[in-house]
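Chain IDs A, B, C and D follow the sequence of writing; residue 1 opens each chain.
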Amino acid sequence: MTTPFLDANFALNVALLLMLLAIALAVVRTRSLLAAILLMGVYSFVVAAWLMVMDAADVAFTEAVVGAGISTIVLLGAILLTHGEVVRVNWRLQVVPAILVLVVGGVLIYAAGGLPNFGDPASPANSHVGRIYLETTYGDIGAPNVVTAVLASYRGFDTLGETTVIFAACVGVALMLGFGPRVDTAPTVDVMGDHHVVLRVISKMLIPLIVLFALYVQFHGDLGAGGGFQAGVIMAVAVILHAMIFGLGETTKAFRPGVMRSISAFGVVLYTGVGIVCLVNGGGFLDYDFLFTPQVEAMIPPGLLGDPDKPHHWGQHFGILFIELGVLLTVASTMVSIFYGFAGRTIEAIKAERGS
Amino acid sequence: MADALHWVGGGLVAIGAIWSIMGAVGVLRFPDVYTRIHAASLTDTGGATLMLLGMAFLAEPGIVTLKLFFVWAFVMLTTPTASNALASAAYSSGHRPRIGNFEFMRGNDSPEAATKGESRP
Amino acid sequence: MLVAAGVAGLVVAMALMIVRAIVGPSHYDRILAANSIGTKTVLLIALIGFLFGRPAFLDVALVYALINFVATIALMKFFRYRTLASPLTAAPEKEHKNG
Amino acid sequence: MSWLASHFNYVIVVALMMAGLFIVFSSGNLIKRMIGLALFQSSTGLFYISLSKVSGATAAITLDAGSVDGKALASQLDPAYVQQFGVDGVVYANPLPHVLILTAIVVGVATLAVGLAIAVRVREAYGTVEADEIEALSRVTAEQAEPAR
């Protein structure tokens, strides 16, 4: 039971965690919803930095992209549609929850005493299953990024389930908010002339770069930090930025909501299709070693990826690439159609339509 | 030669950190939003330039230096844009800067005098 | 050694910004603090990559630098136009007059 | 003191979890509760990653020990530690919790969006997002339906 190294890493970890605690207490205490949303934005920034300290590069990537891009905008969209009044709170209501929370917290902290020391390399979690994956992944799959290899290949079926959950969320939000009269996207009349030249020019420069970066993240997912989930969210952020700058009308012309929903479905179909091809070729469902029949495998030039004499697992490489593409399509189109749902809905028109 | 670069890089990173701390202190102490925006965005871009330059010295030339350049270019593009958007939003929704409100200088530091210029959003 | 000092300084700066984010009387202070913490996180992530010996992780800092201002724009549109859908293009001259 | 050093992360994770739980219990506003749930969910993510941390390790992306980074990393640790816990010359963090939390974050945002969509529809139907007002309104509508039979 080695005690943790008390080095710069641990000091950073303690500092960032204390910041997180301060922000969380501020979120509890604040009475205005908007302040809570802004604090949650800051919270996700600090969590991303903390994840980098914890050597979790892929998770930091995801938290960064999701926290900075999607969750603030979705919460803002919800506040817009519910006219975020300030929360009215009387303290008598808070006494019972406070006691309950303290009791549950005390029990949990008492139980946490039995957990292995922080950063202990010999802890059960780190010494058995974790090590086996670290040792065998490069041999089986040949992808340097163990996290993507496990996510896409060893645990491919689970990730298919998660992609389907994201597709279900897309259908759910689209059904609830996606239909009905859309907000009129006439350009807003500015009292003091046009202030947004700076924004338009910078966004016009950055949107293609964001999309290009999303593709970079997607295709080097198994070499460095990256993968389908992160790439999908980055792609969605590019579309959302376009919608915020050039108006929802323009963006819905370019990315029609119907097409977005079908692309979300197509991502899951692509993912399952790769599994079925492996099944047809005699392997198990989603077993990428059987993705290519021997004749096809012979046609792939050995030097395609890296030095030719190393044993290559072409099926694994391309299998991971295809299903990450499926995940990219589903995640990107889901986030975009969620944004369409929240940004496009208008309560006045619906009230008028319902006559209530 | 190598550790000279190392020291120069480390020095630049340290100066960048001090720059950021100055900015943070500025954001805490300035009276109203516009001076705070000014303090924050200036020291952000300044600190970022110093630190990224310092890191460029630390890293061996290659893909890492290229990525550092891209990070610097995007920070230079986005931070001023965000501050511009923020300032124009604040101004257009009625948040007036506090100009010439010198009561707090003459000693009667009453909260009423301090917030005379700043209308609640 | 100096890089560690740089990281420590940056963390102190972030802590001060978080104080502004929590205290900030008006919402604009909070947006300002959020945006500034975003930029500082970009630097912190890049520095952490250097301090712990994996400078190849600059992609995370790169993506942050790119996406950081999207939330600020959304907040700007929230405060100014009370909608996320309206285009930020200049209103055509005619409509501008009687707007 | 050493207990706190070795279990500091878990105490903070429990504190964040309780903060999220408190928001969900005490606040009437549906959107504030969603934020509390998001806080609660992210604290479970922190817990998993705290479990996966190995002191002196680097991220779970295979790195050959001979490279510049590999040598720099190995030089900071004593060889016996690297030999015992490292995989061919480099000590890695445990990759499995990273995989779980990576997808959990994205799924978390998707479910947050569905929850907020429901809150918006509740707002459109009842005109309010405060739980107690909704309950009062639903009781009123129930009574109106009751005598109608």
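In this section, a contact is a pair of C-beta atoms (placed from the backbone, for glycine too) under 8 Å apart; a residue touches a chain by one contact, two chains touch by 3 or more.
Since the model is a prediction, treat every value here as computed from it, not as a measurement.
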Legend entry - Chain ID, smallest distance between chain and overall C-alpha centroids: A
Legend entry - Length of the line joining the C-alpha centres of chain A and chain D, rounded to whole Å: 13
Inset, instruction - Please work out the Cα centroid separation of chain C and chain D, and write it as a whole number of Å. - result: 22
Inset, instruction - Let me have the rounded angstrom distance from the C-alpha centre of chain B over to the C-alpha centre of chain D, please. - result: 30
Inset, instruction - Would you give the residues of chain A that are in contact with at least 2 other chains, written as numbers and ranges? - result: 9, 55, 57, 77, 79, 190, 196, 199, 206, 209, 224-225, 342
Inset, instruction - Would you pick out the residues of chain B that each touch at least 2 other chains? - result: 74, 78, 81, 85, 88, 92
Inset, instruction - For chain D, jot down the residues that touch at least 2 other chains. - result: 58-59, 63
Inset, instruction - So, with touch as defined above, which chain pairs make the list? - result: A-B, A-C, A-D, B-C, C-D
Inset, instruction - Could you please specify the touching residues of chain A with respect to chain C in the complex? - result: 8-9, 12, 15-16, 19, 22-23, 26, 32, 34-35, 38-39, 41-42, 45-46, 48-49, 52-53, 55, 57, 60-61, 64-65, 68-69, 72-73, 76-77, 79-80, 183, 185-190, 193-194, 196, 199-200, 206, 209-210, 213, 217, 224-226, 230, 234, 237, 240-241, 243-250, 339, 342-344
Legend entry - List of chain A residues in touch with chain D within their complex: 2-7, 9-10, 13-14, 17-18, 20-21, 24-25, 27-28, 33, 36-37, 40, 43-44, 47, 50-51, 54-59, 62-63, 66, 70-71, 74-75, 77-79, 81-82, 84-85, 87-89, 93-94, 96-98, 100-102, 104-105, 108-109, 112-113, 115-123, 125-126, 129-131, 133-135, 137-138, 144-147, 150-151, 155, 158-159, 162, 165-166, 169-170, 172-173, 176-177, 224-225, 227, 229, 232-233, 331, 334-335, 338, 341-342, 345, 347, 350-351
Inset, instruction - Would you tell me which residues of chain D are touching chain C in their complex? - result: 58-59, 63, 69, 72-73, 76
Inset, instruction - Name, in rising order, each residue of chain C that touches chain D in their complex. - result: 52-57
Legend entry - Of all residues in chain A, those that touch chain B in their complex: 190-192, 195-196, 198-199, 202, 205-206, 209
